[in-house]
Amino acid sequence: MKKTVGIIGANGYTGSELIRLLAYHPEVEMTCLFSRSNSGVKISELYPDLAGICDLVLTNELQKVDILFLCLPHKESQNWLTQNPIDAEVLVIDLGNDFRLEADFNNRKFIYGLPEINKTEIQSTKSIANPGCFATAIQLALLPLAEAGLLTDVYTTGITGSTGAGQKLQSTTHFTWRNDNISAYKTLTHQHVEEILMNLNSKSSNDVKLNFVPWRGDFARGIFTSSTIKCDKSLEEIKTLFQDFYKEAKFVQVTDGHLDMKQVVNTNKCVIEIEQNEGFIVVHSAIDNLLKGASGQAVQNMNLAMGWDETLGLNLKPIAF
Amino acid sequence: MKKTVGIIGANGYTGSELIRLLAYHPEVEMTCLFSRSNSGVKISELYPDLAGICDLVLTNELQKVDILFLCLPHKESQNWLTQNPIDAEVLVIDLGNDFRLEADFNNRKFIYGLPEINKTEIQSTKSIANPGCFATAIQLALLPLAEAGLLTDVYTTGITGSTGAGQKLQSTTHFTWRNDNISAYKTLTHQHVEEILMNLNSKSSNDVKLNFVPWRGDFARGIFTSSTIKCDKSLEEIKTLFQDFYKEAKFVQVTDGHLDMKQVVNTNKCVIEIEQNEGFIVVHSAIDNLLKGASGQAVQNMNLAMGWDETLGLNLKPIAF
Amino acid sequence: MKKTVGIIGANGYTGSELIRLLAYHPEVEMTCLFSRSNSGVKISELYPDLAGICDLVLTNELQKVDILFLCLPHKESQNWLTQNPIDAEVLVIDLGNDFRLEADFNNRKFIYGLPEINKTEIQSTKSIANPGCFATAIQLALLPLAEAGLLTDVYTTGITGSTGAGQKLQSTTHFTWRNDNISAYKTLTHQHVEEILMNLNSKSSNDVKLNFVPWRGDFARGIFTSSTIKCDKSLEEIKTLFQDFYKEAKFVQVTDGHLDMKQVVNTNKCVIEIEQNEGFIVVHSAIDNLLKGASGQAVQNMNLAMGWDETLGLNLKPIAF
Amino acid sequence: MKKTVGIIGANGYTGSELIRLLAYHPEVEMTCLFSRSNSGVKISELYPDLAGICDLVLTNELQKVDILFLCLPHKESQNWLTQNPIDAEVLVIDLGNDFRLEADFNNRKFIYGLPEINKTEIQSTKSIANPGCFATAIQLALLPLAEAGLLTDVYTTGITGSTGAGQKLQSTTHFTWRNDNISAYKTLTHQHVEEILMNLNSKSSNDVKLNFVPWRGDFARGIFTSSTIKCDKSLEEIKTLFQDFYKEAKFVQVTDGHLDMKQVVNTNKCVIEIEQNEGFIVVHSAIDNLLKGASGQAVQNMNLAMGWDETLGLNLKPIAF
């Protein structure tokens, strides 16, 4: 019998993207699409691409489910869980940042849901804190180096699509402004730096310092990052390090070719390219911010926690063009 | 046991898109990716998004297969079949325009592969001429009206993405030129008009005249068309007509909401919106030119011809954003 | 001495575009940038591209000026003029649609500001109703045919950039939605049809009927239209007709090449291409919706009404790419 | 009397952009648009936006002019000057990189044409090596820090539009590939690093090391760069440093607001934003790669070398949207 799924905040971007994934997932059935603001509305009226794929009506009445995804604005998951106590046997996956740094909440202990480092823990938990989008792309680019003790100062630039900013209308998501435009935001102060460093430093013998400059891109989906690091190793050594680190990873690839962001758009992949020059290496990484950076990774985590094949429901056709 | 598939011209856009679809199709196995120009190269080197999805090497040696897709430039399929005789029991699906108007070739008789009108014939053939992209979008917008005898003069504008022009480098596919740009091409003389009229007129008691103005759009994937027709019927009557016509269609939807092109991008759907004003109706339709307009429809046709579920391998996650 | 200029609604898109033009106009000085909502703010804080070009502070106190541009939301110009009586000798140019169809208001009689047909009247008036953007592009494509009595039923599709929808945040101007997207709106009911027909019918011996399907495009600036008309004349005859009609026009070109929209972006030009096939002609036209479609044409009208060279301040570098 | 101008390589992007600027420049007249490959063709056939602005015919016969711009592929200017000796009194401005690092050629000594540091030298020379596009954006972001001895290791990411790659058709300028895509190229090895360091090190008491990661952007025009530097100064001190350094600069602005790239597109401006956090500063800069990054700066240099107002012909309307 299929497991039942509830999505809290189903009307947002990550919520709707979860629906796109779960509608074709063989082991689950969505039974509760929870939304306070759009209760009573069909999800396919808000997201017409879902017509015929999922035509459930959003509700503000919580039903009992086996698996619960929280797709709420950051800092609202704690409130929500306080107001709506969830049984201990329900798998809770939070896509916000409420439990990434502070894992303990009520009787739950949240596991940081990056399968490439925490697979075992994820497989035996009922509480998962799904990583941030930039946090995923940057950590996957740096973790092998951290573990090898090769990281000290890191200089990273990352660019993200407009879906990263959510569906709220803002001057910086106005088409007229954003089209053909590039800008920086939260320079050196992005909220994901803390969760990145938490993990890098737990792996690293050195103290890692991350200087991260995020940019807004003129596209809807995707993240591309480049990190520059002082490092005397050869390109060959670094590549071997990465390939070893990711040899069990289902969704991370280290390419020998040239990386471009669209290679991963509409997939759950992270692709990494490494380059080297005169004592420095640069690691590029790309993900789809809504998939490996949010809802896709949440499904990957669900698969692991439920004991299913890690790739179930995630064999997605790339957009490619 | 899985059926074996060969793709002739696997290195082009429609060929590679077929690979993206068939890689996850449960009933088939690709065994022969044929390409004269890129023989010996891994397909995932040409299309890095395919890394880990399909890493087959392109070949110029034909192998025996159960199903053969021809993804050649228009007018080259005939030559190819002449030079490479194919057994009668092999299912041949041609994505070019060689057999759309002239169905008879050697001992084969090609069926025009638009499942919404030819499902029965497709289910019992070994030779399918896959429709053109604009031809699919425009026919699906007009067929119910043709059948009802409501079409005479039709005025259609359609816009297509750059993938419609193929991978060849041309001045009109140069990013610098095409970005933020709109232009018309083949005004009133597009090659798809003939195949559209062939079908409309076979359904229609009147003589249908189609004035079609194609535009080049500043996006990679998708087709959007609007057709204006003199018609005294009420909106309600027209909608009922369409809903009846498409009640068995798995991939055609008549929306009561507002259509925008991205509702169908990266899916095999065609969505249709109908509007009415003072004796005129306007029918809008949208497809993904590489999917319902090419490779997706080819898979749909394969499914029907092989007796499989029509939607197999075509439950695609929409790009949505 | 320079003439003084006031702009009412200087904080909107057309207002700010006027500032970009007038800042470098040799005969005028902006002395009053009026905005109720942003009073006290430097215009270059709202539009940082204006830094160093125009750093005036927006005000809600009206000052006496020689020339007044109204850049208000449609239907607010009448209210504004009622509440703020303007001396008869002040040149008033309204960019809204308040006086295009009803020319008489208080003691003023507004001239429809399309210089290609009303140059003489514009040169001797103090009240100008600046045409709409689609209205400009479509009329310029059709007027020579109307005058020659060759128009009856016209089928037009036009596409417009996001700036046409103004700076207000709307779901259809959200980058995530609009990027790579096409959609229709106000099908057959666009508000510009009436002003187009007013002029076409005043020139035409026949009754002209316009079926206009407007599309939203995934670019910020520009309009491209294609109009299909039954017509037995040769291409040569039609081209001669257009060239004669526009022989005095400073900003209208009939091209012998292929038109693409970016040829006119960031200029005050309208370029027209004509094609012909089997008893039908198609006329394509392109303008920048904020320039020839709004603020540029307003400056052109000002130049004419003030007795200056028609092109003053309008020799703009095309964006081209 | 106007000075005569010749453009060698007038058929390329920078050549055509020069024509757009010089067509409206009050002191010059273009008399020789030289192109070997397109001789005999009207420039406005190649670039239809130029119709009515400049309709000169390209020629392969050199004529005597007062001012000569070389817009040739990199490394071809030397050959060209060898084969076509130019009188010493002719002002030669080379837009390639032939004379940026090696200033001496035949009897000429080329001045590096960055007016913000070499204005006096430019005013008294007949030979100017126009800087590279990234070189301009990055130097303007770093020069005040270099002069103050605050630079050692610099980490810079920059993104450039497709016009930076020229008009040649390449896989990385194919619309289908580049649209919505981001990629890195020439990581740490971009050819502009050398000219940047030449100038930074000539100003700096320290040895400056630049780690530069260039990205390809999905837009046609513009460059945006972010440079991260260890620095203990306060934001206030750094801003004062920059404002002092650029107090005479006509086209460089240090903004107190937020920089986005479109603030400078279609202008000759460079805008700089500075941010600071815990011992690090980040300097963002933006230019239009074809204007301040190429042809606009060439005109600025011409103005200075000819003793004209530095801004002549460069009061350009920003695209803004």
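Read from first to last, the chains carry the letters A, B, C and D; within each, the first residue is number 1.
Operating definition for what follows: contacts are C-beta pairs under 8 Å (C-beta built on N, C-alpha and C of every residue); 3 or more make two chains touch, one makes a residue touch a chain.
Every value quoted in this text rests on a predicted model; they were computed, and no experiment measured them.
Any chain that touches chain A and also touches chain B is listed here: C, D.
Relative to chain A, the most remote chain by averaged C-alpha coordinates is C. Taking A-C and B-C together, the chain pair joined by more C-beta contacts is B-C. Judged by shared residue numbers over all numbers used at their interface, chain A and chain D contact each other through mostly the same positions, with over half in common.
Annotation: 46 Å between the Cα-based centres of chain A and chain C.
Averaged C-alpha coordinates give centres for chain B and chain C that are 39 Å from one another. Across the assembly, chain B contributes 13, 161-163, 176-177, 179-180, 218-221, 258-260, 262, 265, 321 as residues in contact with two or more other chains.
Interface of chain D with chain B (complex): residues 13, 161-163, 167, 169-171, 173-180, 218-220.
The residues of chain B lying in touch with chain C in their complex are 155, 157, 159, 176-177, 180-184, 187-189, 211, 213, 215, 217-222, 224, 226, 228, 258-262, 265, 273, 275, 277-278, 280, 282, 284, 286, 321.
Across the complex, chain C meets chain D through its residues 13, 16-17, 20-21, 24, 45, 47-53, 161-163, 179-180, 220-221, 253, 255, 257-260, 262-267, 269, 271, 290, 315-321.
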